[in-house]
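Worksheet for the structure shown next.
Which chain is which? They are A, B, C, D, E, F, G and H, in the order written, and residues in each are numbered from 1.
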C-alpha cells in the first residue's frame, strides 16, 4: 500500500521525482521557503504569481523555473 | 456619334484621359516608343513584361509607372 | 630765465620731455604713484628695484618700461 | 737587429700593433684593399681623402675609423 | 545681470526617466566585483541611484542576504535580460524579474551574437513592443543606429541604451559622430550602455549629448573599484556640465589668450 | 583586509610643484572673461589654486583694483611671458614680473611662430637655464617632444607644460600617444597647457599621466564660464582618479558582465 | 625558395561576387558628375567594372543616348533602390530595374531616415529575403551591425554593403574597429558603401578586410573627378595589397631600422 | 572645355628635391629585409628612386658585392647618420659617407633618446647648419614642430623629414593636424619619415600635403615585403592624386547621390 505515486518534473533544468508536487514543493526541493523574498517562478514558460504557488499542482513533465536576482551588468 | 469614351489613368503620377488605353498608348503619351530599350512598366504596382505591353488594356483609375535607369549612386 | 632743461626719455614706447627726470617722475607722467603695488620698472632693459626708484636719475634717450600684471593665460 | 719598432693604433675600436703604419696598412689589417670601392677613412675624427691614404703615416695612439655603407633606414 | 555664479537650477540638473526623476546620471552594474563590500562601497562612491541586476536560476541552498535585499532599500533596481537570445526568453525573463523584484523597469537585452554580444535589433524591437504593451518601462540595450532607436522610441521605450563599444571592452565611444547625431535626434533619453572603460569615455559620452551612462566592468574590474567609481561619478558630472556650459568651438589656428598689446619693447 | 572604501590617502591626492603642495590640479588662466565677476566666480568654481597672469605696460590712468590685488590674496599667481619671441624679452619680462608680483614663479613662453604660437624650443631651453640660474621656478610652455622636455628638466625646470593642441584651439590632446610616453618618462611634473576645450580633454590628459592641466579660453569663452569651470574641475579629478584607480585594459572582443550560467531554459 | 618578386597569383587578385569574378575592387556610382564626358573618363580612370544606376520615372521627351546604353556595353550595371522607404517600394523598384536592364543584380536600399539616410535594417532583411527568393542577386546597403549583416547573409545576400559614414559625407570609416570585426566574421564579401571621401579612406577600408569599396560623391564632386578616380583606384589596390602583405604590428616603442652595431667611435 | 581625362601634366607629377627631379615619391630604406633578393625585389616593386643606407665600420674580411655597388647604379643613395647622438658624430659620419659614396646627400639624424629615438632638435639645427655650409644636401629627420622645421629650412636644409610616429612603430600619422599645418607652411618639401606601417598611412600623409614618404620597416618586416612595397607605391600615388584632385569637404549630414526626384509612387 503506502506506495506513493511519483511525478517527474524538471526544476531549473534538472529532473526531480516528487509526490503530488506543487510549486511550493518544488521550492522546498531547492531548500527555498515559500516566503523567501525576491524569488519568482515560471511553470512551462508562464509566470506563476506567488499567491498561486500553494494551489498550483504540477503534472508529469512540467518544467519549473525558479529564479532570483543576482549581480548583473 | 464618333464620341470616344475616355478612360482616366495615372501615368507617373499625373492623370491622363486616354481612349481605350493600353500600356503602349501610355508610353506613347510620354513620347516613348514601345521598342525603347531600358524601359520598364508597372501597372498598379505589378511589373508588366514588355511582351504584354500591347495586349494589356488599362481601366479607369489604373496607375502606370514607366521607368528607366538614370545616374545613381 | 627759469628755463628748465628738458630731457627726452621714452616711457613705454612713447617719448616724453621731462625736467630732471627720475623713475618716480616717469611714473608720475603716467599718473602712477611710487607706492602703487604690483608695478615694476625696467631702465634700458634692466630692472630697477623699487627701492632705487627715487634716486635713479634718467638720461637723455633712456628707455623706461613700466609694467604691471594683467589678465593672461 | 731586425727588431721592428711597433706602433699601437686603434682601428675601428680595436688596438693593433703595426710596424710603420699608414692608412693603407690599417686597411690591410682588415683585409681591405686600398682600391676597394665605397670605403672611407677617418684619422682621429678627420676624414682622410683616398688620395692621401698611402702617404698618411700613423702615430702611436692614432684612432682610425674605416667605414662603408650598409643597409640602413 | 552678469553671470556671477551658478544658480540653483544650474547646480541641480535632474534627469527624468520613465516618469522618475534622478539626480545621478551614472548607472552602475553590480557584477564582477571582487567582493560584496567593494560592490557596496563602489555604488556608494559612484553616487548612483539605479543599478542593474541579472535574473538567474536560484541555486540550492542559497543563503545569506540576497542581492535585492542588500540593495533594494537604497537603490532602484533595474533587472536585465542579459543572456537572452530570443524574444520569448527575454519576455519570460522580464516577467519573472517583475514578479521577483516588484518592478516593471527593465533593461532589455537580446543578444544576437555570442562573440560580440551585439544586440539583435530585429528581435529587440519586437520584444520591446510586447513588453511596453505588458506594462514594462523598457530600456533596451541597442546599437547607435538612429532608425532602430527611433523605432524603439516609437514602440514606447523609456530610453535607448546604445553601446559605445563592445560589452566589457573598455574601448570607449568608438563612433562619437554617430552617438552625437543619435542624441541630437532621439525623442527619448540616450543612456550609453557598454564599452565605457574610464573617466574620459564617460565625460565624452555626456558631452556628445547622452543623458546618462551605465558602467559595470570599468568599475568592478579596475584595480581599485571604489576609486574608479568616484572617477566615473565626477566624469559624468563633468561631461554633463561641459555640455550645458556650451564649449568653445574647435579652431584650426592658434588664438592667444594673453593680450597682444602692451608688450614691453614693442 | 578587503577594499571597502577610500582611505584618507586616496581622497587626498596632493600635487607637489616647485616645492609647494597643491590640492587642486587645475590651473586657470585669467584672460578673456566677459567681466570681472565672471572671472572671479569661475576661478572659485574651478577650485583652482594657481592662476596665470600676463605682464604688460601699465596704461595711463590705470585705476580701480588691480588684478594682482584682486587675486593675490586668494590664489598663487603664475606670471607668464606670453608674447615674447626672444630669450632677452622673456628674461626681462620674467624679472619685471618677479619685481612686480614678488614671486619667482614663471610660466615661460617663447613663441616661435605667430600663426601657431608654437614655442621656440631652442630659445626656450636657453631662457629656462638662465632663469633657473637667476632663481626662478620655471614652468615652460613647450611641445610634447620628450628630448626637449628632458633638457628642460635637466636645466632645472620645475615642470614642463606641453601643448595638447594649439593655444585657444580647443581641440584637446591631438597626440595622446606622445603625451602618454612623455608623462611616463618625465622626471618633472607634466602640466598640459594649451588646447584643452572641454571636460573630456582634461580627463584624458590626466589619464595619460599629466600631473595637472591649465585651461583658459575653454572657460573664459564658454557660453557659461562658471559652469565650464566646474566641469573642468570635476574632469581633472575624474581623470586623475581614473588614472590612480588602474583602468581595465582594452579588449577587442566582448566580455559579458552578467553571469553566463543559470540562464532560464538553459 | 626566397621571396624574389610577385608571382602571377599575387598580382592577379580577383574578387568573386554573385558568381561573377571581378578584377577591380572599386565600384563607382554614376550620379552627380559635372557632365557625361567626365563621368565616362572617371569610370575609365577608376578601372571599375561594376557601376550603380538608379531607377526613376522616365521623363517626357527623354532623348539622346540613355545611360544604360552608354554604359551597359562596358560595365556591369548595378541598379539601386535609392529613395525607397518601404519593402513594397523597394521590391517593385527592383523588379522594374530587372525588367528595364535585364539584370537581376541589385543594390538594395531601404532608407529609414531622411536626414541621415540610414538604412531601415528591419525592413531591409525582409526585402532582401523576398528578393533573393525572387531570384535577385542582392547587395544590401546596411550598417556595420554584425548581427544584421549575418541575417542578410543568412537570407542569401551576395554581399553586405555597410556604410563607412553617412552617404555623401566624405568622412571615411568612422568606426574602423566595427568594420574590421565585421569583415573578419562575415560569411559574404563586405563592400564598403557610403562615406568614402578620399584615397586614405578607401585604403583603410581595404586594410580592415573589405572585399571592395563603392564610391560616388567622392569622385563626382571632387574638384577633378578623373584624378580622384585614379586615386581611389590606386588606393583600393594599395589597401588590398597591404592587407595581403601582412603589415607589421603596431609597436609602442621605437625600433631602429639601421643596425645598432658598428657605429664609429663606439 | 570639359574635363575629359588626365592631361600629360596631371599624369606626370614630378617632385623636386635638392635640385634633382624625381618621379617617385616613395623613398625606401634598405635595412632588415629577410635577404638580399627580397630587398632588391622590394625596391623594384616600390618603384623608388632614392634609398637610404647607413654608415658603419667595415668588418674584417667583408666580401661579396657591397651594398652601394649593388644599388648605386640603379638608385640614388641617401646615407644617414643613424645612431649618432652628437653634432660631432653626425658631422663626421656625414663626411665619411660623402667620401665613401661620392654623394653630398644626407639624411641627418641626431638621436636624443634611446627609447623613443626622437631627434635632438637643438643639436639637429646646429649640425644641419654646419653640414649645409660644408656643401651637403641635408634632409633632417625631425619632429612635426613647425618652428624647428622653419629653422631647418632657414639654415638651408633641402627638405624636412618629420616622424609620423616612432621609428619602427608602424602606427602611422599620430598627429594629422600638426602634419597638415606643417606641410601647408613649410618652405621646403616635407618627407614623412618614420612610423609608416601600411598603405593607408602613406596615403594619408600624402593627402595632408607631404611631398614624399620614406618607409623601411613597414616593407622589410611585412610578411610579404614585395607586396607591401607595391602597396606603398600605390598608396603614395593614390594619396598624392587625391590631394591634387581636391577632395570633397566633410559633411555632417547625409547627401543623397541618386536623384531625389522621379521616384515611383511619389
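Note that in this section a residue touches a chain if its C-beta (ideal position, glycine included) is under 8 Å from a C-beta of that chain, and two chains touch if they have at least 3 such contacts.
This structure is a prediction, so every number in the text was calculated from the model and none was measured.
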{"item": "Shortest contact path, chain A to chain F, counted in steps", "value": "1"}
{"item": "Contact-richer chain pair (by C-beta pairs counted) among D-G and A-E", "value": "A-E"}
{"item": "Centre distance in Å when chain A and chain G are each reduced to the mean of their C-alpha atoms", "value": "56"}
{"item": "Distance between the centres, which are taken as Cα means, of chain G and chain B, whole angstrom", "value": "35"}
{"item": "Between chain A and chain H, centroid-to-centroid distance (C-alpha), Å", "value": "73"}
{"item": "Contacts with two or more other chains, residues of chain E listed in rising order", "value": "29, 31-32, 54-57, 59, 80, 82, 92, 96, 115-116, 118, 167, 171, 177, 181, 216-217, 252, 256-259, 262, 264-265"}
{"item": "Chain A: positions in contact with at least two other chains", "value": "13, 42, 45, 65, 67, 70-73"}
{"item": "Touching residues on chain G, where the partner in the complex is chain B", "value": "29-33, 39, 52-62, 66-69, 72, 77, 79-80, 82, 88, 92-93, 95-101, 167, 216-217"}
{"item": "Parts of chain B lying in touch with chain G, wherever the complex brings them together", "value": "12-13, 30-32, 37-42, 45-47, 49-50, 65-73"}
{"item": "Of all residues in chain E, those that touch chain G in their complex", "value": "112-113, 115-116, 118-122, 125, 143, 145-148, 150-151, 165, 171, 174-175, 177-178, 181, 185"}
{"item": "Contact set on chain H toward chain G in their complex", "value": "2-6, 10, 29, 31-32, 34-35, 37-38, 40-41, 44-45, 54-57, 59, 80, 82-84, 89, 92-93, 96, 115-118, 166-171, 197-200, 202-204, 206-207, 216-218, 220-228, 230-235, 237-242, 244-265"}
{"item": "Residue numbers on chain A that touch chain F, as the complex places them", "value": "13, 42, 45, 65, 67, 70-73"}
